[in-house]
Each structure stands twice: as C-alpha cells, then as structure tokens.
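Which chain is which? They are A, B, C and D, in the order written, and residues in each are numbered from 1.
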Amino acid sequence: MPMKYAFNTWVYGSFPVWVPSYPLEDVIRRLGRIGYDGIEIGCAAPHAWPAHLSAARRRELRGVLQSEGLAPVSLLPAPGGGPGNNAASPLAEERQTTLDHYKEVVDLAADLGAPLVLYIAGWLVFGTTREEGFERSTECLAQVARHAATRGVTIVVEPTSADSNLIETADDALELMRAAGEPNVKVMFDTYHVMYRNEVSSDYVYAMAPHLAHVHFADTDRLAPGDGEVNWRGVLQAVKDIGYDGYLTMEIGFNNRRGDPDSYAYRALSYLKALERELG
Amino acid sequence: MPMKYAFNTWVYGSFPVWVPSYPLEDVIRRLGRIGYDGIEIGCAAPHAWPAHLSAARRRELRGVLQSEGLAPVSLLPAPGGGPGNNAASPLAEERQTTLDHYKEVVDLAADLGAPLVLYIAGWLVFGTTREEGFERSTECLAQVARHAATRGVTIVVEPTSADSNLIETADDALELMRAAGEPNVKVMFDTYHVMYRNEVSSDYVYAMAPHLAHVHFADTDRLAPGDGEVNWRGVLQAVKDIGYDGYLTMEIGFNNRRGDPDSYAYRALSYLKALERELG
Amino acid sequence: MPMKYAFNTWVYGSFPVWVPSYPLEDVIRRLGRIGYDGIEIGCAAPHAWPAHLSAARRRELRGVLQSEGLAPVSLLPAPGGGPGNNAASPLAEERQTTLDHYKEVVDLAADLGAPLVLYIAGWLVFGTTREEGFERSTECLAQVARHAATRGVTIVVEPTSADSNLIETADDALELMRAAGEPNVKVMFDTYHVMYRNEVSSDYVYAMAPHLAHVHFADTDRLAPGDGEVNWRGVLQAVKDIGYDGYLTMEIGFNNRRGDPDSYAYRALSYLKALERELG
Amino acid sequence: MPMKYAFNTWVYGSFPVWVPSYPLEDVIRRLGRIGYDGIEIGCAAPHAWPAHLSAARRRELRGVLQSEGLAPVSLLPAPGGGPGNNAASPLAEERQTTLDHYKEVVDLAADLGAPLVLYIAGWLVFGTTREEGFERSTECLAQVARHAATRGVTIVVEPTSADSNLIETADDALELMRAAGEPNVKVMFDTYHVMYRNEVSSDYVYAMAPHLAHVHFADTDRLAPGDGEVNWRGVLQAVKDIGYDGYLTMEIGFNNRRGDPDSYAYRALSYLKALERELG
C-alpha cells in the first residue's frame, strides 16, 4: 500500500517566522498542485486561530479542502508567545487558557474533518519540578481527551526535546499517554526532535509501534527530507514494518525566513516518493 | 549626564524560545542585582499576558519593581503565533484582536507605571499590497494612541526589517508616525534590524532625532553589545550628540536556547558602561 | 509556447569588474553560438557608452546582431561611480546628468532596435528622506518615459534592494510606476534582489503580473540558475501561469573576476531549457 | 617625526557600492573628528565628479577642509562603469574620454589644493596585447603629467593587480613612470594589491623607495589595518627606514555594503597610532 503524505502549514504562515505568509486557501491549492494527499493545519493567524473562524468560514475551508482533494489530517497549537499554551505552567491562569484553547482546537478539527490534534505537553519554568509539570500536563491532557472523545478526535502526544524540557523521549510520551488513561490518546514523534537528542528515528517507530498515530518528517535543521542527515531509508522501512497507516507529515522550513515554501514541499515529496519506489 | 540602561525580558521568558524561562519576580531581582536601571517587559506568558494578571497581581509586581529599584520602562507584545497580532492582516478578525490586545497592553503599562508601549506595525501576507497594509496599520495605531493618551502612555513605532516587510526603515517609521497624526506617537529603532538592512545604526539616531523616544541595543545575531560587529562607539556618540534622555534597552539572547540569560545581561552592561566612560 | 532566453553583457564587460572584458562583437557572436535568443546590453565602455558610439557604429552593431540572429532586448545604465546616475541624488547637477544619460540610453536602444530600457530608481544619500528621493526619481522617470514614448521604447522599473535603499520591493516598483503616470512604464524584477530580501521570486511574478515586462534571472551569489538555492521550478511555473511573453534574461557572474563568462551563459541555458521541458 | 594619516572617501560614497553614502561635508567633518590629518577624495558623485562642481562649490569645499583642519592629499578617478576610464582601451573614443577626465581631475585637485592625482593605468580588453596597452597608457600618462605640471600637481602610478592586468607590480609601475618621461610622475602602491599577488608589502616600499610618493593601506579583504593578515609592523618600519614623508592613506571598507564607515576609520587610526608608538 502506498504511503500517504501530508504537509504542515507553518512554513506558509506567520508562526514562528512572520513572513512569507500566505492565505490558507492559497496553501491548500499549492499543496494539492504539488501532489500531497493531506494537510496539517497550524492553529495560528492568519490560517486557523479558532476564535477568528466563524462557522461559515469553517464550512468554506472544508469545501476548499474537498475541491482540492486534500485530506484534513491534523491540527496543532502554536506554543510560546502570547497566552503561552504551557499546560505545565506554574500559573493557574495560563493552565486554564491552555486547556480552553485545546478544546477549541479540538472543535475546529472536528468542524474541518481532521481526525487528529497534536498535544505539546508544555515545559518547566524555573522552579517547577518535573513531577509537578508532569501532573499538571496529565490533568490537562485527560480533560482535552475527554472533550475530544465527544467530537470523535484523537489526541497524539509529541515529544519535543529540541524546544522543551518535559516530554522529550518516546518513553516520556508513552508515560504521559498512559497517565492520561484515555483510549483516544496516542503518540507520535518528529525526526527533528529525535536528532536533537542524537537518537535514531527508526528506533522511535518500533518503540511507539502499537500506539503510533502520527509522525513528523524533517531533516537536519528542518530541511526537506533528503537534504540533511536523517536515514530516511531506515525510517520508511520501519513504518512499513509496523504497518503504519497514517500520514507521513512534513514539518519543515518554518524556522527561518529564507527559502520558498513550495520548494520545501516539492523537494520533500519528490525525494520520499522516489525512495518509496526504491524500497518497493 | 550618565546613560540609563534597561533590559528586555524575552531571554528570560518563553517567547519565542520556550526555555529557559523564569518567573517575572526572579527576572526583576536578577536585573536589579546586575545593575540595570530599568526593565522592558514582554507581554507573554508566563510574565505578562494581560488577561492572566489580576489587579492584585499588577499591584504586587509594581511593588517588586519598586523594592528592587528597577524602573518599568516599556511593554511590548509578542507578534506571530496564536492570535497573530498583525495590525496589517487581511483578516478583519485578526485586526480587531490586535487592536484589543494593544489596548490591554497599554492598560497594563499604565498599571505597572511604564510610560512606553512599543508598536510593531505588522506585516504583509501574500496578496496584501503595501498601501493596504500601511492603511490598516495606521488606523490601528491611531486608535491605540488615542486610548494610550487617556492613560498617559506614549506609543513608539519600531521598524522591524529582520522579521517583517511593512515598516523596515527609519523613514517608514516616521511616515507611519505622521500618518497616525497623534502627538503621543514617537519612534524607536533596534540596532539588530538596522544591521539586517546593512545600514548604519548611528544614522538612525540622527535621522529619527527629534522623535526618538526609545532604542533597542543588540549586536550581531542578538549577541550582547561588544560581542559582534556593531560600531557602539558611533551609536553612543550619536545618542550623546542628540541629547537622548531615554533608556538604552538591551533586547538580546532570546533567539536561541543556548546561553545564560544573566550572562547576556551582565556582559552588555559591563561593555557599554566602560565604553561610556571612555567617551567621557 | 517555448520561453525566450536573453543574456546580460556585464560579465563580458568592464563593469563593475574590469576584467575579463571582450569587445561587443565578440560577445554577440558567443551568445548566438551558445544558443541565446536575445541580448541585454549594459551601457558602459567598452561596449555601449552612448557618447562613444557614432551613428555608423550603431548601424554596424545592429548588423552584427542581425547576422548572428540575436534580438536586442534591453539596455541598462551602469549606476554608481563617475557621474553617479542617481536620480534621487541631493545634487541637482547629478540629477540632470542622470536624466540626460537616460535619454541617450533610450536613443541608443531605439537605434539598436531594443524595445526596453531598465530604470534604476536611485538611492538615498544620508540626509535625504524617502519622500524626497521618491519624488525626485518619479520626476526623472516621467521625463525619461515621455522621451522614450517618442522613440517607441518602454521603460521598466527594477527594484534593487541588494544595492540600494529606495525601490526595494514589488510594491515599491509598482508605486513608482503609478506615480510616473506614463503608459510606457512597466515593471520587472531580478531574482537576486528578491533573495536579498529573503522573499520568494514566484510571489513577484504574481504580484507584478499585469505589468511585468522583463525579468532578470540569477541564482545565489549571481551564479547561473541551477547552481544556487532559487526555486526555479516555481519561477518558471509562475511565468507560464501568467502568460509572460518577454525574455528570461540572465544577469549573472559579473560580481567577481573568477569564472569564464561563456560558462555562465552555457550552464544557465542548459539548466533552464531542461527544466522547461520537464514542466511540459 | 610622526606619521601623517589620511583616509580615502570611497566607503563614504556611492562607488563602487551605492550605499551607505554621505555628503562630502559630512565625510570631512567625521574624518576630522576621528583624528585624521588628511583626506583622499574619490572623483565620483555625489562627492567630486568634476563636471558637477562649480567654481563656487570648489571654494566652499576648500573652506570646509580648512575649517575642519583636514589636508587635501590626493584625488583619484573611479574606473570601470559608464565612460570606462581605461587609458589602454582599444576604443579611441574611450581613450580620449579618459584623457579628458584625468585633466579635469587634475584641475579639481589644484582647485582644492591637493598635490597628488592617482593614475590607474587601465586594463587589457581581450584582443589587446600588453605592448599596445602599455603604449596607449604611456601616451595618456605623459599628456596628463604635462597638464598637471602647469597646475603644480604630481601624478602617482598605482599598480592594481587585484582589479586589472596591465600594471600589476612595483616594476610595472616604475617602468610606466620612466616611459612617461615626465619629472612630476611618481609611484605608489596599495597593500591590498600586493596581497593579491601574495607578495610582501614592505618589499614594495624598498623597491619604490626614491620614487614613492603615496601609499594605500588596507588589510585582508579591505578590512582596517590590524583586522587582517598584513604585517603592519614591517610596513611601518620600512616607510620610516626610507624617510617617507607622505601620508599613509587608508583605502578600506568600500567593497561591501556592510559595516559602518566611521568604524573603519576609527579602528584603522587607533591601531596604526598604537603600533607607531610601539615602534618608537
């Protein structure tokens, strides 16, 4: 069965780098033209900050996705900055804002038809212990998951070692998943964060295997797969080995202002499809 | 008359890099101990997202500032990510959110006793012309300024070429200031953005002279002054030449996860005070 | 319809790097042999400084172009150095020299049969505001355009961010075009200048679309297309999308003394023709 | 006897890099404030294109030089671009333009009170032999020198290996000097061009000794002396050894757009004066 490829919208939007930035319709059309099967939508202006999207606008976007033949795969929040989105924050106000925000992201996912929402567990501000942070994040995750269950959405926990200091490894993610104790919580990983720890991406595939519901592909320095040092042959073989049937989602190019978003999208897809054919 | 030095809190917070991050009280105490005269507070969790700060909390923070002898100098929003904060956005909803947010930042500044709020003019999403963006941002700025006037706050326009594509130069900032037509709108510049344009920082001092109300100091790659290639001698001479009486505010070290925030704060102050003595 | 390719002569001349330098007849013969359709001629000695070219010499050059099957596409002046050619100069004498020079370049274009002359808007000397510079350059452009209309020549405004500080973006060029208010003024862009701004070249194609009359191709560091990081696939697709029917003109290799001019010309053409075939 | 230091204006002007650029009065005041004894003025707009400077303007500039205490040391043309200024050109028209231009540069030097004009011998366009080029340049130089004699101006021949292919070495310059056969022709050298040939700068001092009338100082990549790899101790010792009584003239920083001109001027002077004190 051929792999399904999706593309994350950050490089086309204003987070974390403000420009270049394109309207979401443009992004959908470009990704469809380049040949992607699905899209991962970042929940930040000008694309998908939930409070900015009326019911009519959500129907409209769903229509554009359908007419361009692009499946809505997943949604994720933009942590850091403004309200923070740190589920492990020492501030009760920030934790509440984070919980509320995840619920509205779940609702937006359901409205757009996306089955997955990514969960970034937060980070430890100086003075917070791992135990405190873990407990706070678990509580947030459990509540988000229960809300998501009512909308048919699955939550996937992502270890983000390159950016944070709470959920860093495959085991950390699985531990948080189990602590939440909700059946619609799964895990995922991002090759970029694996590299930050000098670990091996295919190891994550096998370690997370029964619970792996999503995956982010990025090469060294968030380059397109094939332009850096990740062993993509090993990663593709591993996802085939475990019978992974989700999307392979590129999350690339968004960490700097240089570079043409379409070029990242095109290079990644060309490289991976060629490698997939080669693996047979 | 000796110069006054302030320090921006980003490197101690979770924007744009999530960790390391310190509670705001900690930051205030550290900067006071290192020897700064003032502080510029970034309006993002966990420090100063306005909606997270009750009236009691604001009084408490004001008290900490006073007891540590640190003057509240300025506040600024965290653009990009989440709600966006792009005053030039093609989305009416985002523009409204941005306006509302600037008003609450002004209120927070007044509550904390800070006389200045920085205005980041926004950026052009693909399909928006400069003319449209400029008009939208002017309208937002004028409304923010009128609200700020009621609270005794001055708004300073910052050209941000390294991050955006609307207000990039000294002349752009002055043009926006004039277009707003409100007396409590002034301008500022950041040496880092000047360098992005391969321009000369002291030129900005002279060009903005009668309207210069604030300034950001950062060396190459957001290093501490003295650790990069900026001609600080020329900049200090220029602010002396024009009789600038505001704060010299370091906005450094926040663009990566490496490095000790206290070290940035200490190195910058030591270098600049020594150079100031040398200039006499 | 297949694309038409032209080549700019700077790398074969003495501006801005003095050597290697070839007589213009040699350059014409070499470009024809390599397979170019057209030529862009830089107006500097020893090729085409207008005052050095008698009427007889102009007829002779026209004959060489015809016999080599190379279309004269465009002419451009050599700004910076000597008389300056800065239409936004604070010196009235320099502005007059610039205007006079553009008129003689227009005449030379007409005499050689080239339909286009490039307009470099000038730059801001310290102490000149953008408003003053813009007004001066607009006045020069309008006068040049009116003279050009009498000779059947179109003037194309080029944003030159990498070298100057007045007309830097697509919007700047369009704004200057509109300010001039003459129907024979159009716009162009150069991928090298787009990259200096860390912007996306195909965005310029779409933004300038109805007025785009010329284009300069150069890869990173003025290398031949395909040897750097420009997304040429995106650029070629964009010019096809908008039905651009002008020449794709290489302006490469002239910024240093190393390298064989013929090699730049050959590599660029081979790469782009192959990519064009691939896009279908 | 202490050394005398002068500074060349290119980095403050629009040749060869258009910006940053400052009015000539500004440059004179800045160099005086930094502590230079003299100035070398490049003959290009907006500073000193002869045709742009009326008699009144020349008197005015002479007054500014006097009131700032800066000695006018030397003038030089801006070769390459526009009319070319190649005395060895195969085009009779370009050679005539070059001769006429040198004469007006001599007149400007006399009007401003500068005793020296630099002679750049030109370069060989493909198809010109060294013998032809040398003869053409000799003829031009002799005529320039005879005109200069009537104005009390000395012409100094500079080998420019990094930029050209005709007069590259100390011996080349001396050979051209002798060929011209005029007593007011002397020689000079530039450490940057010496480095291009991987030769030793102090060797040039001794080789040119009885005829050395001027010198350009620049470190690796046109950095300020002390920031690159030139052996300045050896050069300073050599000029002391031969009893050189001209100016040490910095020609630095003009080859790129980055960097603050004042900073180049300040760093060079600080470094060389300290080294001079050290040599005793």
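By definition in this document, contacts are C-beta pairs under 8 Å (C-beta built on N, C-alpha and C of every residue); 3 or more make two chains touch, one makes a residue touch a chain.
Remember, predicted model here, so these are calculated numbers, not experimental data.
Taking each chain's centre as the mean of its C-alpha atoms, chain A lies 32 Å from chain B. As a whole-number value, the distance joining the C-alpha centres of chain A and chain D reads 61 Å. Per-chain CA centroids place chain A at a distance of 44 Å from chain C.
The mean-CA centres of chain B and chain C are about 40 angstrom from one another, to the nearest whole unit. Within chain B, contacts with two or more other chains are made by residues 124, 126, 165, 199, 203. Judged by the touch criterion defined above, the protein chains form a pattern that is neither an open path, a ring nor a star, and not fully connected either.
Of all possible chain pairs, those that touch are A-B, A-C, B-C, B-D, C-D. By the touch rule above, chain C contacts chain D in their complex via residues 14-23, 26, 43-46, 49, 51-53, 77-86, 89-91, 93-94, 97, 123-127, 163-165, 257. Listing the residues of chain B that touch chain D in their complex gives 195, 198-203, 229-231, 233-234.
Looking at the complex, you find that chain B touches chain C at residues 124, 126, 129-131, 165, 169, 171-172, 174-175, 197, 199, 203. Touching chain C in their complex are the following residues of chain A: 19-20, 257-263, 266.
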